[in-house]
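Both complexes shown next keep chain A, but they swap its partner, so chain B is in the first and chain C is in the second.
Right, the complex of A and B next:
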């Protein structure tokens, strides 16, 4: 089985939710159970990828990659098929969260834990080279940037660099982090050329404690209302809140593939992965609330060099 | 370990508070409970509490009986006193909740934010379960 890491870049707020909740937010985001990290489940992405290929005339090729279509929707259609799909789509996990700041407009905030999980996804190698090493740990409520000189998010107070993220005023270590710079450079390679220096200028590493607070409290919360068609005013009791990942969020996951099992369509694992990932920066609409502009994403990967991991 | 989960303790306290809200201010209390969580997430805990605090009227004689915002602040303060945030508990002995929160250090501020969000969940549930539809209430 071959695998390839992918990036999802949200171009508009992204709402992939769990359905109605009795919590603080009526329609919260889907998150990993143990860590609370926001995710886009592989099932959502796979369905959208399949849907994006539905106009292809080569139905057998699509079925070879994604699996045979079910005869009936829902659990009733979950019958054993003649062959399995060749593609395995893993969940996309938060990698960097855009957080508004007093200085530099916004920062792309990540943490040692998120980068360690990304390293695991890459399996030690990414397209064309080695994955950057683990970043050095941080003290609580501290931050670090790739380059003090080039960062767009720093403010110096009495010589001490700081970042102002939402409500949080964090001290920044007074030294460059070359490993973080490698991360910014490698992640940036998946982005369109005009955006490649964004991470070098905006990536801010914070400790895991601070990061978990941010992914709980720095998501986008929108209040929405139904309008009563009779009166043109807000309908009684029809006010609700929705949570989204803000535009510019980066998520990371893994796609894996075997050779195709379709009796008439022979595809190698690498072809399956290339087909699933599409061209550079494939546009997709993921999650709910599509008609109000939610969920526009770029699907990005590192395809140069062709050194997928093997599992 | 006291034999109950933290969620149980929050729920017990929230239901006690909500059941004791005078009928005359329930219509104002409910939307404030419903809006508080989103306000904390959007603006931060200190700003969200200050938003409630602005409802304080200098000439009000019994604000907890007649002022829904003050009542909610008082209910939250009583809940947060019991939370394992020693610095907040110490300050609440002599300060109002918004004052105490404004003075917290970052670590306690984060804990207080998270604790408030968990509490608000139970206040929302208690309000939905306790206040009858027939009572005059604003849309959420």
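Right, the complex of A and C next:
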């Protein structure tokens, strides 16, 4: 099976939720249970990709890529298909979270764990492409930046650089992290050219413990209410909170494909992936709350930018 | 015949649905096996092998029937669970995880805490008249089996699903084992809904949930920083002699429900070998712990064992002479259903003895089991289903109790 890594960049708050909760937040984000890392399930992305092609005249091509649609909902629609779809979409996992800072407005925060998982998605463990190496571990409550000189998020107090993320005051190691710089550079290649230096200037590496605190507490939580149309006031019992990944969040995932099994549409695996990934920066609406502007994302990949995106 | 050894690292967790249907409850709910079955993994390998064959040999196009026939030679010969820190770059024997054996019991300590690990030791049946069961012809042999008796105080606590390599080797050698930490993979429930493409609203009756077994965990010990740990499946597989594919499997693999993506990492066969620390002495009694589920023709009774008076007698792979089955600690049977992709109908349901079951033996002529015999039994195949790595055993020492008056 051929596979390629992809990036999702949130352009508006992204709410892919579980639909229910017994916690403080009524509509929490979907997360990996054992780690708490926010995810966008592959099924959401695949459904949206398929839907974005519903007006295509070549239905067979779409079916070859995404698989045949069931004819009827419910048990009577459970008929085995004549062929399987060629595309498999993996979950997109958090890669970098924008976190409000006192200096530089916001930082794109990541951690050794998130980069290790991203490295695997790139095939780094197998020596694939030009994947940056693993970053060195960090002490608890420490941070590093790619370049002390170019970072937009640093504040120096008595010569010691620091970053302020929400209410966390973190000491920054007084040296450049060249491996992190390579990550910023290689990840930036997927972004539009005018945004390529964003990561170099804003990427901050924190230890995994701090990161796990941030991915729990630095998400966007909005309180919403329904207005009773008769009275123009808040409707009784209609107050709720919903959690989103903030705009600018980066998530990383993998798509894989076999050659198409459709009896009339012969597509090679590479064609299937190119078709699914679309052109550079394909715009998609993912997750819930679409009608209030949530979930606008760019789907990005390295498919035309060199070997590092292929496995 | 070529043998490929590799590790499967499921990227997004696994959903290996059990036999319960989507519509057997008020909501569509799919339950996953807590750990993938060998038959699921072999099925995925057969699918991947067929795809690789068609990719590497231009012009080859297989019908479902041909696929079924030609991929039958893809055999799973080793199947072990692995667990390592994300920071490590290769898998070693120390990363192996084994099913918790049925002869180990966690016994509660004071105030509900788990106190110790105790071994269930089969005792000779009391002599004299005893109540017997009605039914099959083999009553005498079945009634002659030894049963463990619970002598200690304290309630049994829930057992973990897996034990580490170090703990299992100590257990097999008959040494004490400290309280194991709960290390099993966690599960989450994914909820799915189908959106109608024209209305953009949820389709009626298309809300369903699915259990997903996550294989990436953050583990904390005390006040230390969290450590990322990953679970994986270690496999060896054989390819069909005539059609072997170079570099199989290539790329990622789809495994379980929704073909979740699984990375592939090559390893050497040493990963599955008998560990150097396992150096037993000769022993009067032998324990066999099932490392993978076993498929026996007559349910719990191992293949090749027949009634001989009041005992079951048979042979074991690599062991000289006939042996007597003294006891069998067998948890509830594992029912396995599968789907026939060619006939488009369910396959016949199978019943397996689950991994972790323990069988106890003595040699019929009273000799000791030698150290060489025990080491030869490491991951030996027992019963049916060798092509699915079923019935692989771990050997352990056992000291049978003396006969009364001896």
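Observations, loosely collected:
As a working rule, the second predicted complex is superposed on the first by the 295 of 311 C-alpha atoms of A that agree within 3 Å, B and C clash if a C-alpha of one lies under 4 Å from a C-alpha of the other, contacts with A are read in each partner's own complex, and residues count from 1 in each chain.
Everything below uses one rule, namely that a residue touches a chain if its C-beta (ideal position, glycine included) is under 8 Å from a C-beta of that chain, and two chains touch if they have at least 3 such contacts.
Everything quoted here is computed from the prediction, not taken from an experiment.
Once the two complexes are laid over each other on the shared chain, residue contacts for A:9 go to neither chain B nor chain C.
Of the two partner chains placed by the overlay, neither chain B nor chain C lies in contact with A:151. Within the superposed three-chain model, A:22 lies in touch with chain B and out of touch with chain C [touch as defined at top]. Once the two complexes are laid over each other on the shared chain, residue contacts for A:219 go to chain B alone; chain C is not touched. By the touch criterion stated above, A:74 is placed in contact with chain C alone, chain B being left untouched. Put chain B and chain C next to each other and count what each touches on chain A; the higher total goes to C. Contacts of A:140 after superposition: both chain B and chain C are touched.
Touch criterion met: A:51 reaches chain C, while chain B stays clear of it.
Once the two complexes are laid over each other on the shared chain, residue contacts for A:244 go to neither chain B nor chain C.
Overlap of the chain B and chain C interfaces on chain A comprises residues 140, 209. Touching chain C in their complex are the following residues of chain A: 1-3, 18-19, 30, 32-36, 41-43, 47, 51, 54, 73-75, 78, 80, 88, 90-91, 113, 116-117, 120-121, 125-126, 134, 137, 140, 207-209, 212, 254, 256, 258-259, 311.
Within the complex, the chain A residues that touch chain B are 22-25, 140-141, 166-169, 209, 213, 216-217, 219, 221, 223, 234-241, 243. The touching residues of chain B, counted against chain A in their complex, run 34, 37-38, 40-42, 44, 46, 106-107, 109-110, 113-114, 117, 120-121, 124-125, 139-140. The touching residues of chain C, counted against chain A in their complex, run 9, 11-13, 22-23, 48, 51, 54-55, 86-87, 89, 185-188, 190-192, 194-195, 197, 203-206, 214, 216-218, 225-226, 228, 250-254, 258-261, 263, 265, 344.
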